[in-house]
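Below: a set of structures, written as structure tokens.
Okay, so chain A shows up in both of these, paired with chain B first and chain C after.
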Partner chain A sequence: MLGEQIIKGMAITAKNFFGSYVSKERLTTVQYPEERLPQQGNTRQFPMLVFDGDPEKGLRCVACTICEKECPPQCIYIVKSKDKKPDYKGQPQLYPAIFDIDISVCMSCSICVEVCPFESIKMNTEFELSTDDRFGALLLHKNDLAKSNEYYQKLHPDDAKESDAALAVEKAKAEAKVKAAAEAKVAAEAKAKAAAVAAPAPATPTPTTTSSATPPPAVAK
Partner chain B sequence: MFDKLDQIFVTLKHLVMGHLPAAWQPLASAVISIALIPIVFPGLFAIVTVIERKGLGRIQNRYGPNRVGPFGFLQFVADGIKALIKEDVVPRAADKMVHFLAPVMMLIPVLLAYAVLPFGRKMVVADYDAGLLFFFAVGGGVELSVFMAGWSSRNKYSLLGAMRAIAQMISYELPLILSAVTVVMMVGSLNLSEIVKHQNQYTFGIAHWFVFSPWGLAGFLLFLVASLAESNRTPFDLPEAESEIIAGYFTEYSGFKFALFFLGEYLGMFAISGLGITLFLGGWTAPFSFLTWIPSYVWFLSKLLGIVFVFIWIRGTLPRLRMDQLMNFAWKFMLPLALINIVVAGIWHYMGPDWPRWLVCSAILACAYGLLGLGLMHNQKLGKRIYRYAE
Partner chain C sequence: MSATAEMPPKNFEVKPKLDASGQPMGELLEVSMGPHHPSTHGVFRMDVVLDGEEVVKLKPVFGYLHRNHEKIGENISYLSTMPYTDRLDYFCSMTNNWAYALTIDRLAGLAVPERAEYIRVIMAELTRLQNHTCLIGFFVQDMGALGTPMMYAFREREKILDLFESVSGARMMCNYMRFGGVRVDVNDAWLAQAKKVTNEYGKFLDEFEGFLSQNEILLARTQGVGVIPKALAVNASITGPMLRAAGVNYDLRKVDKYGIYSRFDFRVPVGEHGDLYDRYMVRVLEMRESIKILQQALRDIPAGPFMDPKAKLRGFRPKPGEVYGRIEGPKGELGFYVISDGSPNPYRYRIRPPSFINLTILEDMCLGHKIADAVVILGSVDIVLGEVDR
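And now, the complex of A and B:
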């Protein structure tokens, strides 16, 4: 019969119309500024720079400019510092004097995150970035980009754990190296001392000012 | 007291006119009557846009607009301001004069059509003897403006939309007018006030609305479908199918000209719904005699809003027709049924007031509906579509 399916369809839409007033479950939309859905685990918007402790001194970035070179739309701009400061391992490193990201150009590809060897640049999930200043406010500077490690841990707990572990391994390696170097130094010194004690006769050609080198002049006297 | 409330607008008009010299009174009467139309109906348009968006939202299990004002009911203010301050872009290759005139031309016939509609007891701007004829004659101007818009834009989508609109509007004008002819046959007058007066009688407390008879019901349904097509509403919105041809004939319109087209479309929808109410639903009369104390204009407006709600409901339900389906439906189903309905109305008139006419007329119409429906669906492969070359 002609029109039968039309009646059926009208019944369905009428059911939807009245049902949406009665049961909240029918409504599929969320009233955004007041209510929001939890973000998905892998959400990413624009990059940020992670720091430990102090936002100025604790910045993990060492201005190696790998991300700047790899960035496909070239939205990163880095100027290296003239001086150095110790990084988390205690090694003296450069730091970015300027680190700008133009988020009007950034395409959120997260390649910078993949190439960063220092676990420094990570993706932020902040998305309410609209402003009325088209040029200035969309160019994020170093202090806008700097975010604490705790914040990162909150955003992406699993990734943050991984990167913390990687950093801890690096640090442990570095510490072990330092320790080994110190031990080697101590051992070498001990060895040199022992050698000096065992063979005092030939005067060393290079004058040394260390305490272990004091006996030879006495012998020469 | 209820009579006073019913005639409050008429009394107010006479009060104003009493303060004027006698020579000015006819002019003042005309101006006051006319001025109400461009105030009341665009206001209704504003409210209906919000109701439509909210209703469609609810049909699709959404809230609809709910930010501006209480429950979003002031959304039309925001939309109006937006339309006013938008840039008015005219294509370089457009015929500028015709492009400018088209939205105005759209609005004028639509507003003229309101002149003959009785909004309430003694509330009609021009109580014209050939009112129905005037309504349809003036309504023909809409087609012209649609084609002006489509042609002058110099845009393929606009032209396609205009072509579709012309084909559709001319095809559906026939069943629209033929379904109205039955009422003229019964009343013997083209005067719309006369038609309403004819329906303003009660037996056992029920009004003599034409829709409460077999031919009237068939005529009303035909009129409703044809008026959907005339006002370019879904499922007959081919002329402005946004998924196919952007916005059809008003693709190249922006800013307030776009708003004027929108306004013209809705005013046309109200006018044609108002005509449907006047012809079949008793105009401003109450359905039951114990409800006659409610003012006549309230009845008219509530019936109008009811029809508009049905239009919104249909829009939320049905998908758009294809061009061949549209034409088949108009010429192979609507037109024969409207012609049969005219015959049925004649039979109804000459069979006298006894019960057999109910049986005979209903049977003829049901048979015609069934057979024409079968004819329309004949050779139609309904069901899942198979693509021969897609595999």
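And now, the complex of A and C:
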């Protein structure tokens, strides 16, 4: 019969239409500003800079400009600092004097996150960023981008745990290195002393080069 | 004397039809459809010459979305091109990523781990599902079924996009594949959700097909319209569902067996008449085969690494050489041709976009049909202007 299949199609439409009143499955829309769906697992919007503790001193970024070079649409602008500040490992490092991201150019590809060797740049999930300012508001500066590690842990708990672990490993390595260096120094001094004792020819004491910066050999070995 | 002077284009001069007494029946009407026309699927223009309602000449005009993708690709690093490939065919970013990653894998000699291969197949087949579903929605909308089928298609697509978002971070611009693997591993919860979506998809297809496949209006509008003869399809290097609808059994998943497609049990649906209905039906059947592949892949996926340990992100410099990698995208053969000179940027970077090449025989399909059919024929080509114009 001509038109039979059209009526069948209408029946399917009707089933979906009335079904939306009965079953939650068939009602797929939400009333957005009042009602919100949870964000999906690894969702990403725009980059942010993670800091530990203080937003100015604790910034993990060391201004290596790898992200600036790799950024496909070239939306990152970094100026290195003239002086250095200690990073989380205690080593003196440069920091970004200027770190700007133009999020009207950024395409949220997260290449910067992947190439960052310092677990510094991460993706934010904030998406309601519309503004009526045509010029300045979408150019984010260092203090707009800086977000605390606790904030990041809230956004992506698993990834944050991973990056924290990676940093802890780095820190432990650095500490071990410092410790090993100190121990080596102590050992060298002891050796020098022993040599001085064995050959007491020079009357002057052995020139020890201990500087005040090195931790004192607390436990005498 | 130039070659063009000897060979005028096919419809160099068209004249209106003559009546019995030898007088022209009316005047020709030239219509410029697009670039801002809702049926052209983007910024695409057709210069149509009409005799009455019949198309006697058609000239596709494109380039409105040209953004220098290939030249940009030569000026940025290999890795930085990856997010740009998302923007080629913005419906199928996963398959674009795979085609590019496959090309660079071959160029740099990277071995993709087992698990990554499975993830890639799962993502590609999910992409195929959502692309074909949406295409059928648009295609039916071009015929006048405003809204309902397309909304159903988009409802299902959203489930797949949610899967993409939860693993890659973005719904459409996934930027997920990497040279030598994938960027993020999938977890068990994701796999369970993917299994659920896959298993429910068949039910949706039954509903969708009950809605459309036998519908009298759809049959009247599609059967015998926009026929591509087999020989023309091969000569014009048409690929993908359009070629198979014309009756040529050519699927790169079977021909090239790239990735791990040789392990899966699936069939290639082939059409008979090469008309619009066959193109519709081939896509529906392909979706059913995709579900089969997905079920096998989700069942067999092994544990293990998801990235080749030799692959590196920073300072990636493949050895000098050239390579052409191709995969069967949802729209056809998607190929990337890359020449490396050992520097961090490719020396030459070229794309073979399926929908651009499928579009080249638009005039042959449309001649002699009504202008309303030209819209539907264009819809059946499955073009995405991001890929056509690059």
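Methods note: the second predicted complex is superposed on the first by the 175 of 221 C-alpha atoms of A that agree within 3 Å, B and C clash if a C-alpha of one lies under 4 Å from a C-alpha of the other, contacts with A are read in each partner's own complex, and residues count from 1 in each chain.
Here is the rule we go by: contacts are C-beta pairs under 8 Å (C-beta built on N, C-alpha and C of every residue); 3 or more make two chains touch, one makes a residue touch a chain.
Treat the numbers as computed from the prediction; the structure is a model and nothing was measured.
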item: Which superposed partner A:Leu2 touches (first chain B, second chain C, both, neither); value: both
item: Touching partner for A:Pro72 - first (chain B), second (chain C), both, neither; value: second
item: Partner chain in contact with A:Asn42 - chain B first, chain C second, else both or neither; value: second
item: Touching partner for A:Ala14 - first (chain B), second (chain C), both, neither; value: first
item: Which of chain B and chain C A:Phe135 touches, first, second, both or neither; value: neither
item: Which of chain B and chain C A:Glu114 touches, first, second, both or neither; value: second
item: Residues of chain A touched, compared between chain B and chain C (which is higher); value: C
item: Touched partner set for A:Thr28, first chain B, second chain C, both or neither; value: both
item: Intersection of the chain A residues that touch chain B with those that touch chain C; value: 2-3, 6, 9, 12-13, 16, 28
item: Touching residues (chain side chain A, partner chain B) in the complex; value: 1-3, 6, 9-10, 12-14, 16-17, 19-21, 26-29, 31
item: Chain C partner contacts - residues on chain A that touch it in the complex; value: 2-3, 5-6, 8-9, 12-13, 16, 28, 40-44, 66, 70-72, 107-111, 114-115, 117, 123
item: Chain A partner contacts - residues on chain B that touch it in the complex; value: 55, 58-63, 66, 313-314, 316-318, 333, 369-370, 372-374, 376-377
item: Parts of chain C lying in touch with chain A, wherever the complex brings them together; value: 76-77, 79-84, 86, 148, 152, 155, 158, 162, 165-170, 173, 175, 183-184, 190, 207, 210-212, 214-217, 313-314
